[in-house]
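Each of the next two complexes has subunit A plus one other chain: subunit B in the first, subunit C in the second.
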Partner chain A sequence: MATQDSTRPANSLRDSVRFWRQSLSSVLPSASDSTVGYLFLLPAIALFAVFLAFPIVYTLYLSFFRFQGVGGETLFWIDTGFFSYRLVSIANLQFVGLSNYAAMFTDSLFHQALFNTVFILLVQVPLMVGIALLFAVALDASFVKFRGVFRTVLALPVSANLVAYSTVFLLMMQDSGLVNYVLTGIGLDPIPWLTSEFWSRMTIVGAVTWRWTGYNMIILLAGLQNVPQQLYEAAEIDGANRIEKFRYVTVPQLRPVLLFVFVTSTIGTFKLFSEPVIINGGGAPLESTITIVQYIYQTAFIDFRLGYASALTYVLIGVVSLLSAAQLRLGGEGDA
Partner chain B sequence: MREETRREAVWQFLTYSFIVLGAVVTLVPLYWIFVASTLSESEFLSSTSPRLVPGGEFFSNLQALQARENVQILGHVGQMTQYVDLGPVYFAYDFWHLWNPGAIENSIFIAVAYTLLSLVLCSMAGFAFAKYEFRFKKPMFYAILATLILPIQLLVIPLFLLMSQLNMTNTYWAIILPWAANPLGIFLMRQNMRSIPDALLESARMDGATEFQLYYKIALPTMKSSLAALAIILFLFQWNLFLFPLVILEQGKYTIPVAINQLVGAQRVYYDQIMVAATLSIVPIFVLFLFLQKQFVSGILAGSVKE
Partner chain C sequence: MANIELDTLRKEFGTGGQTVVAVENVDLDIHDGEFLVLVGPSGCGKTTTLRCIAGLEDVTSGTITFGSRDVTDLRARDRDVAMVFQNYALYPHMDVRDNLGFGLKLSTKLTTDEIHRRVEDAAAMLGIEELLGDKPKELSGGQQQRVALGRAIVREPEVFLMDEPLSNLDAKLRAEMRTELQELQHELGVTTVYVTHDQTEAMAMGDRIAVMNDGVLQQVGAPETVYRSPTNEFVANFIGSPSINLFTAEVEGSTLVGPRDFAYDLEDTAPVAGYDRVRVGIRPEDMQMVSEGGTTATVTVAEHMGNENFLYLELDGHEMTARIDSAIRPQAGETVQFTFDEDALYLFDPDTGDALKTKTDDVDTDVATMATE
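And then the complex of A and B:
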């Protein structure tokens, strides 16, 4: 009778697994062996090198060239009969030195994009951080009931898809949309939210504020938990009223968190793309709300001026990185 | 004393009004898209006052949306071309054609696949950085740390060229792989995994656990809450990705953001259909948010303590 025998093909899988496990464990024998660390790291580092490190360097490289078409030129080629490999250039480029960067100084559309972005930023960031701070302080007040419910509701927009929520604003801000209806209802004139240059920027401001206030409120609320209660008690003994407590205890104590919120919001505004594309692609005069990222997108993928777009990207990356570095430095006590 | 309590009451009233006003302003757009998605376009445009009562046109709007040639928001049953007939039982084996996925399914599939892949990669890399010694550990870690301050969504130009060279344009790989080794994820995992006691790992080694078992039997289970928070960060990152999918994906593979962009940018804009699409893409994540609120909040907070 046939007995279950280890040489039977049914067990060959198990044998091969055992074989490979043994051979592998000879490759990674002990914790002291640094190969284990490398093996854990390998997949992430490989992807990081190809899809993040390479693009970071290559964007800089591209910014000194004029793009003339996708590549295909063979850079390196080896054929040993059974093994062949061909390294192909990924773009056909012409060296132009710094002229891409120089061109920015005379590019009026770029100036317009920069102006729009900075304008939106200067209005939107203080407005949103202010509202978020007020919500956080209000929700933190000891007498407020249903705190959890309110927090959930206010934080709800965090989960809204950026493009989907933009369409909501595109529709609400129509001339006969919801917002104008409310305005006329309370006796005000309707506002051309999508067709006037100024108001179309304000529409973006409103949309971004709606989407991100709850997000920042959560961060500020967490920051408030770390403010020592004794400080408030001491201020009370000194006869401080609510406003004074807010001014002299809450704000100074929250300074690092507020700074963080300011800087991340500023960075977020520099990266603004979905909202202007959706909201103003559908309405406003294009150039009054075009943002930097939108301009980069158009330059790169509609005009196919990839070299110039890379230079623009690097300027933007430079600005954003400086801001982030400043954020880490200014807010950094928690550096471990 | 009476003056004091009256002041207190006024203050409380003001605070409540502020919060309630905020809640209303937050909720109205959400409620309103839902209402708008249930009205026919003529009802929506012609009414002099916006309606706040849902109509009954949701499904006919959805039907019109689904009938669009160039954009598919929800999937639909495809042509079941092949059958295997086993007497009383028969089944179609052309599984890919059982359900033609639309933008919502694409988006969910991509975001989930990305989240899972990235969780594995980031936790493995974080484990290596936290618990092993090897050459070039510091330089590699600092290289990853340095990219934390870069807006990595903006590196689309070289990625576009790279993807064309690798023949990956119009594939889901193109929008999953570039950010799979998410620097923030690696960093967060490394920070959290440093708290795993070395003695625990050492004693498991004594008991004959392999290094990989240390990772998935000890490190991963103790990191559950950090993994959940990171999962939310990663999911939302991918879910909101717009610029690169817009560049790299073509008709039939659209994700939600690109599909909605197509609807908005079309020659003839159908507001009712856009609202249906917006409702369908916002509501599932809202529900997720309500159930996983704790993880969302800790995800936001985890992402905010970068330094």
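And then the complex of A and C:
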């Protein structure tokens, strides 16, 4: 008797589940296996659609309009008495065709931002990859002790808070900051790190390099440790010296990893934002340090020219895609 | 071309305060143009010895001389050696032509045309001309093997070093390459040191073979000599396939008394003088089946190879192998009797393993002196 009592609630639960399942399957169009599969994917797809796909598409849409204020105009409404729904427009827009894109040709601040970004890219990425490779090779050498400690210390900057580290750089680079104090201490002239056009860009280069070198070093080190030792031995027997081994064995073997580092660093530089904003806020001339993303931010959220900012965003995407494709093309041929 | 001389070569590896002796005071003279095979079980120090000769390992003590040149402290690239690695170690990003020419490009002042010519000559010699434009990953194992070999040949070095170069090939290809490699070496006449763990390969290929165990050189000699006159039980056991039959016997007067009803009257008791126990060794091919008067053994497995039969015998817990004529066909479970000639008998010291007596029949005296080098 006791056992029957205890099974009854379980049975009734099972019955109700079965009932719901049956009524659900009668409502749904015959749920094949793949339909069920897509149902499971729905949460991810919904989030992706709302937070990624829609903004991407809407940005493209926006780039053909001029933003004239927040919307509010009713686009669609339904009122059944006890349930009502009203869909309002997001923004009040005026169609301008391609004129946002055309405007870029004559926008000198945009040209300046593009120049600054490309300048930082051309100086910073090779510099950083070079230093990272140097550190990686040094740490890979068999005689280095405390490898783990060095690796951790060198990679640590990447975990630094963007605003915090930029602020520290800003303080160090002041006219009377630590760096100039050291420079004058060893008998050199102080450098106008924040006020000169050239040096303020270099300050950003320095800051970004400091932050990301260790991160890239870890990736390169992992790549180095995958190079078979026998290839170095074969090269040694073939008469290669240290530099030739590096050139003919290490670099070709590291090629896919180097490519990854170059492509991700390039994309990262084009997305540069916090550092220039902080350093700019600290008194650096805007023209010499403004980056594309900073300019987009300013256009969109300070000037509220959302249409133009959207167009700029798409141009940025185009430039980054082209550059990455070119790098992949150049670096990806052959194999390692 | 040069002879290679190892003088009390010693290599220790230090692992966290603990020292492991990989090669212990090896003395070895490799003749000019000779094909010497270093053979031994895994971890016996043969590869380390080879890497010391190559210059890939620093020696702990001792000297290495090529001809009159002391190369002990020279780097590998200054020694004029070529090496074939077990995994070939071809440069994956270079095509076959560049793989072959890389050493010439770095270590000689030859013109590009001259390098091309030598690369093509080497490729022709190995029959890989049509592969020159391919990358290593497009090649089969056998083809990669040839390229690795070509890379060594094209350099025209003083010394060839080969570290188990055939072990990654299938059995048929391995046998083919074995012959080809020997022909090539004889044609080029370059002093060659070849490392293998496969005693069959060693016997088949070496002008002389050097047997190593636990970092110690056990014996150097012509394959035939090492087979017939091993210096100790280890060499006797390692060389020969199937392996020699070994068991312990008591010495009772002139009779050796062993497991089951094993009793053998020695005509010559000099080798066992002073011993009350010895290790007895009989090669499988020296076992003769007799109808009576021999030692009784039980057949556990009979393998019929066509031209001969292998009998696996059991003798009071001792496994023995006999290699007999295919006309004699005992079945598993049957009892047989075997004997052997005293000439074919090996005797070893039960404690040190040193040989007390080895095969005495028709051993070339010339070769016998070489064996003691």
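The working rule: the second predicted complex is superposed on the first by the 284 of 336 C-alpha atoms of A that agree within 3 Å, B and C clash if a C-alpha of one lies under 4 Å from a C-alpha of the other, contacts with A are read in each partner's own complex, and residues count from 1 in each chain.
As a convention for this text, contacts are C-beta pairs under 8 Å (C-beta built on N, C-alpha and C of every residue); 3 or more make two chains touch, one makes a residue touch a chain.
All values derive from a computational prediction rather than experimental measurement.
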Practice task
Using the superposition on subunit A, decide if subunit B and subunit C clash or fit.
Solution key: fit
Exercise for the section: Specify the angle subtended at the CA centre of subunit A by the CA centres of subunit B and subunit C, expressed in degrees to the nearest 10. Expected result: 90
Exercise for the section: Check whether A:P252 is in contact with subunit B, with subunit C, with both or with neither, and answer first, second, both or neither. Expected result: second
Practice task
Using the superposition on chain A described above, determine whether A:A240 touches subunit B (first), subunit C (second), both, or neither.
Solution key: second
Problem - subunit B versus subunit C as contact partner of A:S310, first or second or both or neither - result: first
Handout entry: Superposed model, subunit A: greater residue contact from subunit B or subunit C
Key = B
Practice task
Answer with first, second, both or neither: which of subunit B and subunit C does A:V277 touch in the superposed model?
Solution key: first
Exercise for the section: In the overlay, answer first, second, both or neither for which of subunit B and subunit C A:P126 touches. Expected result: neither
Exercise for the section: Quick one: classify A:V70 as touching subunit B (first), subunit C (second), both or neither. Expected result: first
Practice task
Check the residue A:F48 against both partner chains and state whether it touches subunit B (first), subunit C (second), both, or neither.
Solution key: first
Practice task
Could you tell me how near the closest CA atoms of subunit B and subunit C get once both structures are overlaid on the shared chain, in Å?
Solution key: 5
Handout entry: Interface residues of subunit A shared between complexes with subunit B and subunit C
Key = 334-336
Problem - List of subunit B residues in touch with subunit A within their complex - result: 11-12, 15-16, 18-19, 22-23, 25-30, 32-33, 36, 45, 48-50, 120-122, 124-125, 127-129, 132-135, 137, 140, 143-144, 147-162, 164-165, 177-181, 183, 186, 191, 201, 205, 210-211, 215, 236, 239-240, 242-243, 246-247, 256-257, 260-261, 263-265, 269, 271, 274-275, 277-278, 281-282, 285-286, 288-290, 293, 296-297, 300-301, 304-307
Exercise for the section: Mind listing the subunit A positions that touch subunit B in their complex? Expected result: 25, 28, 31, 34-38, 40-41, 43-48, 50-56, 58-59, 62, 70-71, 88, 90-91, 131, 134-135, 138-139, 141, 143-144, 150, 152-165, 167-172, 176-178, 181, 210, 213-215, 218-219, 222, 242, 260, 264, 267, 270-271, 273-274, 277-278, 281-282, 293, 296-297, 300-301, 306, 309-310, 313, 316-317, 320-321, 324-325, 327-328, 331-332, 334-336
Completion exercise
subunit A contacts subunit C in the complex at 228, 230-231, 233-241, 244, 248-249, 252-253, 255, 334-336
Practice task
Quick one: which bits of subunit C touch subunit A in the complex? Just the residue numbers, please.
Solution key: 54-56, 75-77, 81-83, 85, 87, 89-94, 102-103, 106-107, 135, 137, 151, 155
